[in-house]
Each structure stands twice: as structure tokens, then as C-alpha cells.
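Next, two complexes with chain A in common: one pairs it with chain B, the other with chain C.
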Partner chain A sequence: MGGAELIHLPLPVLLGALLVLAGCWLLALKMLKLALAGEQEPQQERDWSVPVIDAAAGGSSIFHRWDVRFKLVALLGFAFLVVATRSPWSALVAICLSFSAVLLAGLPLARSMRRLLAMSGFLAMFLLIMPLTAVPRPADTLLVFSGLEYLPFNLRGLQLALAIIGKACAVALLMEPLLATASLPRTIEGLTRLGVPEKVGQMILLAHRYLFVFLEEARRMATGMQVRGFRRRTSIATLQVMGNYLGMLFVRSFERTHRVYDAMQSRGYQGRFPAPAYFAVSVSDWLLAASWLLLGLALLLFDRLWLGGV
Partner chain B sequence: MHDLNRLPPIDFDGPAQFELRELHFAYPNGHQALRGIDLSIAAGDRIALVGQNGSGKSTLIKHLNGLLPVQQGELVYQGQPLSGDQLQQARLEIGVLFQDPDDQLFCSTLYDDVCFGLLNQGIALETAEPLVRRSLAAVGLEALIYKPSHHLSYGQKKRAALACLLAMQPQVLILDEPTANLDPGQENILVELLRAFQGTLICITHDLLFAYELCQRAVVLDKGQVHHDYTMAELVSHPPSMREHGLDFSFRLAGLSTQEMPAQQACNLPPETPPSIVPELKSPVSAVVELRDYQFSYPDGTQALRGVDFALQAGESVAIVGENGAGKTTLLSCLMGIQGGRGEHLLEGRALDKKQRQLLWRKVGMVFQDPADQLFCASCAEEVAFGPRQLGLPAAEVARRVDAALQRVRLDAYHDRVPLHLSGGERKRLAIATVLSMEPELLILDEPTAGLDPQGEELLLEILKELSQTRILVTHDPFLVAELTQRTLVLHRGQVLEDYPTAAFLADQNQKALNLLAVGYKQVRSREILELQHQHRHSHRHRHLHDHPHRHGDLVHSHPHEHEHDHPHAFTHVHGADSAEHCHRPLGGFHEHNHPGHEAEEHTHRHGDDGTSRD
Partner chain C sequence: MHISDGVLPISVALGSGVASLAVAAWSVRQTDADDLPKVAVVTASFFVSSLIHVPLGPTSVHLLIPGLVGVLLGRSAFLAILLGLLLQSLLFQFGGLTALGANALLMGVPALACGLLFSKLRGTTQRQHVIVGGLAGGGGTLASAVLLALLLASGGEDFFGVAKLALLSHLPVFVVEGLVSAFTVSFLFRVKPELLRQQRLGALS
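Let's look at the complex of A and B:
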């Protein structure tokens, strides 16, 4: 560990830290569940659908009014600049900015938190793996836990992990004002105007629409298997049954594709979706886009020049 | 009834809207779907296109909308062949309502879906928007205009799909099984909407009551040919002809009381038809399954079951009815052990814990509404063997059960057939066999006859009546409830509203005290059809006393006079279900009705002093 500073700690400190981390995660999960659950009257059929991307498209915030093309360029540009930073402190500033954007857009916090929570399991691995696997450098500080001397905990690795987690959270939070403040067709139309091939846009729209139908079909078929006694096991028989299941889902989806195409043709489809003219550019669109890009640039400069980047 | 070259029943002047001459079509696998179709369709025609599965109905409507090309023969729309620019124009004027509304709602919101066709018609967005709103308002969905279609119920989706077509103001509307899987409430709404449609209506359906309500003309296809082309009244009044094409639904009319028939001539009524034969209730020794104060809430907080108390005795057959969202599906999921709520769940008197609930599949079998949800194997035999294999039975016993189950559902020779290639009725019977092979103590049937043709329905009913298992039936069909169950459980907003004998429930339905099943127009139409099927004409002598100008040689004058005629009269007769003998009241004494041409006939009667006369 040539030249690195070593700090010896008892093992319970590591275990305690892990317990606190797991406890915080479980608490967040519980609180989010409570926040999302509300007493509902069973007046309508249950909605089995997965959450939609553009659930809050009907608002009137500055993000809702912003021309979608400028919004895409500015927020995606900002996201790239955030990703280019290196310090966890810059990532923290980026999280604050993204969080402010969510508040400004008037989006429900529970939805954003749910997105973060969905990522949290994966990101938490970085907290453990990166400090334990970062190659020690002379200026590094290593925590050595009694009984685990062969596995030093590198604080530079921890810093790297925190920076990655921070940047991931900032970008994930930014996706809410980016995608939830306009309808998906409008966002896709904006992407098409920016040069994304039209066919790709159509495929995204159709995939988004039929994802829900596909999931519902898959769920019903899985229930059909379950009530006839099927349980997933590590056996060849399970593999065969799962093969049949996936094959049948594929056949059903393939047949549906034909039927959907027939339905589209029968309403005059000739290769492209009719696109209503949505867009009208104003000065505020330009100003807002410039502000976000400048903010991102300032953050990058702050990171590289002030903090020196790790 | 088999005049293959009969003229269409509805006369029309001017050119036909569709003219099909010698239309043939074969699929790439060699299957000849159409064999020389000759058909003229006038603007404003309302046609029911009926026939068995594989008769060529779907292939024909795909030609009418240009989705399939003309291989041989001629297809003319508005005087021009359906190809090129005419085809593009026709697609904007001909609306097709597909069977599964999810196929038709492919945009992200209802607004975009309804707008899609309008923008393809070249209508500007500003003009299209009010049309979108008007169409959605017409189907009662204006409040959901910006909702994604996967947030709608099945009935709402069906109406939304119709709104997509109505917004385009089509001249022709083609419907493919429009009432499949709709509950009665949604079906009534759909019928009202279609009644108001002014253009040409072409409807593929197995539901002849629905077709009779909306269509005047029936075109019966058989093996790719037009077998009959006549009025709906002619079709429904002739059961043998319907039976020949698997369309005879007369068994559904058997339970109707002739006393309520509107026919004035019916007489000498036999005692009212006894209630349907249902299995005798076995002595209630122990409840096979029981729920006590059972509650269930979904993770999002939706409370689907609230304090449900329900016990099912061995051998009992119970119907569960209720509107969409009443909690029927959740209750079934709980009974199957797929979902677990709060409260007591007992099987044969023993309370079940979570682990035991997961083993309920060994005792409780369920047949899903859509058989495609439970068929996934490569052959019918494998499909039926799947359950017994999961039970860990030896191979010989599995083989025995497969044979027995397939035999029971009349699919004896289907061992090696691919389930995916079976007809709808065969798939449904196969789904039942997959459950029967597990020999469950309790059998749950979810809308067992949904989407079946009348022949398939009748066969399924016969099979279900033979089963001895304790049964739970979820359905919106009053006929099935009456035929298959002794007890009815009415669910409303997660609670048991009523739990009483089926006879009492049906009485409630008839008195509209609890109108969950009855489809109003169907009751009326059923009686009309029953009357049509029992109408015939006799000639007989009867007397008239009437007053009209008449002639004696050169003398023309008018006064009341009496004489006897011999001419045919329409009668509605009654007879037992298995008997061809019938009776009707002889018309005695005087009676009056139109007598075309009678005034011009030579009258020979004596003239009295009072001016009256007798022959």
C-alpha cells in the first residue's frame, strides 16, 4: 500500500455503517410507500398499468411552457456537463439544481423519490465495491478494519462512488422536468425536429403504448400458469415451461403487431404519423435554454478550476 | 331457404356502394378463404355478416377496406375498383371497428387517437379539435380526452375506438364482433350509438340478438361462399337453417314464457315452462371453502373487498355477479390463493395460512375468460398434462387423466393438435380440460361463453351441466346464471349486497329491482324472435261483417254485409320443446282485417229492408 495513509478501525464500525445504510434505505422505502398509498374507493376497475412517463404533462410551470426542442437541448446539454464533473461537491450542487427544477416544474416529489429509490439498490453497490476495489495511490487514505486487513477501504474510492451516485441522482431528477412536463408524442416530435429519425420516434411511441398491453398479457399468462401449479425452480422442466411462455408471448405480440398495423392502415396511415404543428419559439425559450447551459458550464468550471476535480 | 342466387332482400335504386363479383382469395399457405363471392351492398344497408369460424367473414371485410388485395374477381367501391387513389380515399370513408380495441388505440392519449384519422383526412388541427371533442362526448368519454388508453376499462376502450371512427364521419362502418367481452351496460351504450349511425353498417357477429336489433339484412357465409342473403327476420325465424351454419341460438329462447309473447293469437297455453334443470343441491355437510369478514386492499390503497362473508357447500353451484370493479376478480384471486387479504379463509373447515393458500391450486381450478391466457404448450395433450404433472402424478395416471379430460370436452382426437390453431370454442373447451385433468374440488369459471358462437355455447353448456364439481360462475349472462347455478352472490363495491337463490335473483332482474344482467333490448328481441319462429300461415274459413262499396252486376252501393272467406292467416303456435305438434285457437265468429281487392269482387248477397245483408 506504498505511501498511503492507514487508519485502523475496529470491525464493528464497518458493520455499524452498513447497518445505518441499510436502515436508511428501508426507512425511505417505507416512507415512500406510505406517501404513495392513499385510501381509494373501488369505483372503477383497478388500474394495472405501470406509471406513465408524462403523467404531469398538463401543468403550467415554466418547464411546461418551454418549447420542447429547447428543453431537450438545454437539459440534455446540462446533464452532459454534470456528468463531466468529477467532485462529489459538484455532484451535490447538481442535485440541488435538479431538485430545484423538479420543484419549479411543480412535479410530485413522491414520483421523483420513487425513481431515485428504484436506482438506489444498484447505486448502493458502488458505495461498497469502489472503496474496496480502488487501487491505492500514495496520497490515498485507507481504512483498515481489524480482521479484514487484506481488504482496505479506500476513501478516494468512496469519494468516487459518491460522485457517481450524485451525478446519477442529479441526471435522474432532471429527467422528470424533461420528460414529464410535455406529452410523450410532443417530446418525440421535438426529438424528430432535432434530427432523430422519424421511424425511431414512431417506434418509441408504439413501444411505450404497447408496453402496458404486453405487461398485462404477461401477467395474466403468469397467473394462468400459477393456478395450474407452476412454480419457478432450477430445473430443465422450468426452462422448458418458461420457453413456452416466452414463445407464446412472442406469438401473441407478433399477431398483435399485424392487427395494429391493419388498424393504422384502415385509418389512412401511409407510413408516417400525422404531426400537428405544436411549436412556436419565443425569446424566453432561448433565454431559458442559454441559462441552463451556462449554469452547467459554470458548474463544470467550478469543478475543474475551484475544486480541481479528483 | 337455400336459394344461393337469391336477390338481396332490400331493394335499392341507383348504383351499389360495394359491388363484389366472383371474388376469390387464397392465403399464402394455400387456404382458399373466398370462393366466388357475389354481393351488392347499397348505401345505408345494415348487414349482419354471419357464419361459422373459417367461413371467410374476416377475409371478406379485409377486402372491403382494402387491407387484402383482390386476387381474382372484382371489387368496386362507389363505382370504381378499390385500388390506388380510390383505395386511399376509401380507407378514409370506411371505418373498421376491430374486435380488440387495444389494436385500434395505438396513440398515447385518446385525443391523439381520435385525431389520427382526422389529420390523415387532411383536416387542420383547429378544425379537428372540436370534432375530437364532439366524438368523445358522443361516446361519453370527453372527460378522459387526455388519458392514455391503458387507463380505460375494456368497455371504455371499445367506445373510444368507435369514437376514433365516428370522428372521421365514415360512410361505411364495419364492426368485427363488437359485443365480445362487453358487459351489459357497455353493450347497451354501444347499441345506442350504432342505432344512431346513419351510414352503411356491416357487422360480423355471433350474437344474433345484437344483429337482429341493428341489421335488416343477413348474409350467411359458408366455406367462402355466400350461402344465404335474406332479411334478418327470415334468418332468425328459421332455426334449421341457423343450425346448419352453427348459428342456432334458439336454446337461449327456450326458457322464455310464451304468456309474455306479444302474439295475440297464441292460445291453449301449456303450463309455464318449468325452470331450467339444475343439479340437485347436495346436503350441506361442510363448506368446501369459506371466507369470514374478508378484506382485501391493493398496495395503492384501493379497497377491493370489504368484510365479505361467503361459504360454498359441496356440490353447490353459485353465480357471482356485479358491475365492473365490484370486486369479482379480486374475490376469485383470493379464493384461488393468488391474493391474500385480512380475515379468515377456510378450506373444508380448516383455516388456511399463507403457505397453505399457495397450495390451493391443488383443490381449486379456474378457467379464465380468455383461454389464450392459460394455453402455452405445443400440443393439446401437453397442455392438459401440464397440471397433473405439477401435481407429481405418475406418467400412466397423467395419460389416463389427459384422455379422460379431452374426451369430456369432446376433443378426443385432438391430442397432437396445436392449441394456437384451434377455433375459439375449441380453445375454450381445451382450457376447461386443462383444469378438469387436475380433478379440482372447486371449479371457477370466468365468463365461460364469452366470444363463442351459438353452437359452441350450446356444446359448452352441455359439458358444464355434466360436471359434478362444486362450481363458481362469474358471468353477466342471465341465461347461464339460470341454467347453471342455484345460488347467486351479488357484489357491489367490494361488499356482498345479496346472497340468495338464483330464482329470487332472476325475479329481481325481471322486476328491475337489481338490474345487473338484463340487456333491455335483448329481452324484447328474444320474444319477437320466439314469436317469429312460431309463426306460420293457415288458410281457413271465417266470417266477416263489414261495410264498403261493392258491386252487384251494374249496381254499386255500400252497406254492412256479412259473408265467409277462405284465406290464410298468420298464427303463432305453442308446443312442447321436443314435439312438433302444436295448437292455436281457431278463429271463430266475425273478425275484421284488411281485404285487398275485396271491393272489386262480385258480391252476391240478399238485401234486407234494413240495408244489411247475408250471403
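Let's look at the complex of A and C:
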């Protein structure tokens, strides 16, 4: 393996490290469950009029007062600057910046944590695979565990994986300040003013609304199937039932949507919802956007020049 | 089948973002205003189907249905997939903001190809519909898995292992998808064949 530096370690070190990792993950799951338990509302009839993305849209933080267009451009630009960095240390700084955005916006932490957990499976795969599959280079440090000599553990691979995980977390933490600090129609209106076709905005609103209806429908149908004795197995028959299930979901959703769309048109819908949205640009909008982009730029420069973009 | 933020090199993330914006703009122009409800339905169903799990031996896989989206929507399929992925990322953090373009390309381009394949070869009999539908469903997933592996591999030789693993793990999914799509097309052919017609959606002919 070239001139790579080899460090031999006994196997129990690896097992211990794996145990600690699994423990941390379980603890995070447990804590999230506790945090969400407090958020659960009593079971009552579902209120379809409440979309879930923008649950905290009523706040009054600096993010809530920020013009949606500036917020979208600045935070999206910041996200791209963050993913352009290469070192795990800059990713850590980015996480701190994004986390301070969540705190500044006064948003509940549980929702942001749920986002992080949703990605944890995919990212854990990177953490496991990258150190084992990264190609050894002369300057690398390889850990070799006794009994597993054929599977060297490349520390540069671990560094790569940690950088990826850090960047993914930093961007994920930005999502709540980006989306939850204004109502969804207002965010869409901002997108439209930025040049996204109106049709697309309407589609997002419609699809977002239908999504929950269809999820409920899918759940109802699945319950019906189960009550009638359907059990999922690895068999062609199961696949046939799933195919029919999906087809029925399409048919029902389509018919429902068509009825709703006809009703909307007969009430004068012409491709947009008349929503009064006032957009007034102030100096603070510019300042806030500029400071976020400058922060991102500074981070990228720091990463490339100082840390040498490992 | 999602790439999350931070995985792709910045040039690939930006490039695929620009490319998918261009394809999406074309897809929007091909979508008639009267078809918005249908596109919204398939967008939402695309989202929901990723939560439907099919058991496979000791584990289970969730459906991706890029091929089926293509079959149902033709040229509007790319728009539906882009928006479905956007909503998945906004609501559940599946995929990511900066990788949205790459994710849309890797599922949307196969969807467009499958839509074209289906409209050309569907014929008139149920048998032929089912065979072509199954091919489109399986082929769409296979093509997506290959694109996923290629995009992951763009990170350099250190990412080849991850890319190979991603490709391998999707091989069983591709068989499941092909069969489920075939059954779904067969169901729609018998129950509501007009859903399989793409002509108002800017026919692919």
C-alpha cells in the first residue's frame, strides 16, 4: 500500500469504537423521542388546513422579518458555499453558524433534530464505508486491526466521511430557518418573484396539500388490506397486490383531484391564488443577506487557504 | 435513492443543478395548465410511494417509481420528479438542498426516457402494455441506479467503493420495481386506461 503509514491496533479498539457510535445514535434517538413526546397534541380530528412546513411562521425574529426573496437567495448561496468546503473543521464551523441561525430564528430544536436523524442512516453508511474503501495514498495513515489485516482503516477516508456528514448537517440545519420562518404561500410568492414560473409555485402548493390527503388515503387502504388478511411476504402475489394498491391510489387520487380542480375552476380559479403579499425591501434585508454570503465566502476562503482544503 | 448535501464535488453539484433547471424549464413549457392536477397527483404519489415498503427476504425496500412517473406523465415527468424531491427534502430532509439538481437528474432523465419508451412501444393490447410497463418500471430504476453510481463516482477514486455499493444495493430493487410497475400498468389498463394516455400532456411522438 505505497508509503502509507501503518498503525497496528488490537481488535477490541474497533469493537469499542463501534459500540460507542451505536450508543450515541441510540441516545440521540431516545432524546428525540422524549423531545417529541412533549410536542404531541391530543388525538383529535386532523385539521387539514394546517400545513406542517411553516408551523413557526408566526414568530417575530430577525429571520421572520427578513424579506423572503433575500432569505432564499442568501441562505441558498450560503449552502452552496458550505458544500464547496473540504475540511471537516470548516464543516464544524458551518454547523455552528447554521445552529446559531436556528437559535436566532427562535425555532423549536426538535424539528431540526428530526431532520438530522432522517439523514443519519445514509450518513452512517458513509462513516462505515469511506474509511474502508478510500484508496490509500502515500501520505495516509492506515489503522490495521489484528485479525482484520485485509481491511485497513484509512484515516483520510474517515476525514472525508466526517466532512460530508458535517456539511450535510450544516445545510440540514439551515432548512428550518429558511422554510419555517414564513408561511409556505409567502415563500412560494417569493420564489415566483425570483423568476420561478407561477405554474411551478401552484404545483408545489397543490402537491404539498395533496400529499397529506394521499398519505392518509394510502394508510386507510393499507389498513383495509390488512383487515382482509393481506400480509406482506416476499412473493409475486405480494408484488401484484402492491401494484394494484399503487394503481388504486393513482385512480382515487386522480379522481379526487379532478373533482377538486373542477370545483376550484368553477369558483374562478385561473392559475393562481389571490393572496395579498406586500414585499418591501429595507436596508436590513440587504445587510443580512450580504453578511450571510460574506460569512459563507469567508468560510470557503478559510477552508481553501488556511486548512489547505484537505 | 438520494444523494445528500456535501457528498458531490461543488462543480458537479452546481453543474447538475444548472442542467436540471434547464430540463425542468423545458418540462414546464411542455405542461399544459389543464394538466396541473394530474402532475400534482403524480408528484404527491411519487412522494407517497417512497414510503411504501415491499418486503424482500429479511429486509424491505421502498418504491422509487421513476419509470412509472414517466409512463403516466411523459414530458411533464421531470417536473413532477423535481417537485417531489423538493418536497421530500423540505419535509423530511431526504436528499438535500444543494444536491437537489443531481437527484432530479438521476431520477428525472430515466423517467423521461421511460415515458418515451412506453409511448412508442405500448401497442394496444393489455399484454403489450404490461410488458412495456414492466420494462419501463425496471429500466427506470436500473438507469437511476447507474446514474447514482456515476454521480457518486465523480467524487474521485475514493468514492468508487460507495458508488459500487450503491449500485449493487439497487439491483434487487430493480426487479421489484419492474414487477410492481407491470402490475400497476395492468391495473390501470383495466380500470382507468385514460390515465395511461399522454396525448394532452404534450404527446411524446
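Following the convention adopted for this analysis, the second predicted complex is superposed on the first by the 298 of 310 C-alpha atoms of A that agree within 3 Å, B and C clash if a C-alpha of one lies under 4 Å from a C-alpha of the other, contacts with A are read in each partner's own complex, and residues count from 1 in each chain.
Simple rule for what comes next: a residue touches a chain if its C-beta (ideal position, glycine included) is under 8 Å from a C-beta of that chain, and two chains touch if they have at least 3 such contacts.
Just so you know, these numbers come straight off a predicted model, no measurement behind them.
Superimposing the complexes on chain A yields a three-chain arrangement in which chain B and chain C fit side by side.
In the overlay built on the shared chain, the residue A:His208 is in contact with chain B and with chain C. Looking at the shared chain after the overlay, A:Thr223 reaches chain B, while chain C stays out of its contact range.
Touch criterion met: A:Gly268 reaches chain B, while chain C stays clear of it. Applying the stated contact rule after C-alpha superposition, one finds that A:Leu123 touches chain C and leaves chain B untouched. Using the contact criterion defined above for the overlaid structures, shared-chain residue A:Ala17 touches neither chain B nor chain C, since it reaches no partner. Using the contact criterion defined above for the overlaid structures, shared-chain residue A:Asn244 touches chain B and also reaches chain C. For the combined model, the angle formed at the CA centre of chain A by lines to the CA centres of chain B and chain C equals 70 degrees after rounding to the nearest 10. In the superposed pair of complexes, A:Arg115 makes contact with chain C only, with no contact to chain B.
Once the two complexes are overlaid on the shared chain, A:Ala134 sits against chain C while remaining clear of chain B.
Put simply, chain B and chain C get as close as 7 Å, counting only Cα atoms, in the superposed view.
Once the two complexes are overlaid on chain A, the chain A residues touched by chain B in the first and by chain C in the second are 52, 206, 208, 210, 213, 244-245, 247-248, 251, 260.
For chain A in complex with chain C, the touching residues are 52-53, 76, 79-80, 82-84, 91, 114-116, 118-119, 122-123, 125-126, 129-130, 132-135, 156-157, 160, 163-168, 170-172, 174-175, 179, 197, 199-200, 202-204, 206-208, 210-211, 213-215, 218, 232-234, 236, 238-240, 242-251, 253-254, 257-258, 260-261, 271.
Against chain B, in their complex, chain A makes its touches with residues 33, 36-47, 49, 52, 54, 57-58, 183-185, 205-206, 208-210, 212-213, 216-217, 220-221, 223-230, 241, 244-245, 247-248, 251-252, 256, 259-260, 262-270, 273-274, 276-277.
Across the complex, chain C meets chain A through its residues 2, 4-8, 10, 13-14, 24-25, 28, 31, 33, 36-45, 47-49, 51-57, 60, 63, 65, 68, 72, 79, 83-84, 86-87, 89-94, 96-98, 157-158, 160-162, 165, 176, 179-188, 191-192, 195.
Residues of chain B touching chain A in their complex: 62, 65, 67, 88, 91-92, 94-96, 98, 100, 102-109, 112, 115-117, 119-121, 125, 146, 148-151, 153, 164-165, 168, 298-304, 324-327, 330, 336, 338, 361-362, 364-366, 368, 370, 372-378, 386-387, 390-391, 420, 434-435, 438, 493-494.
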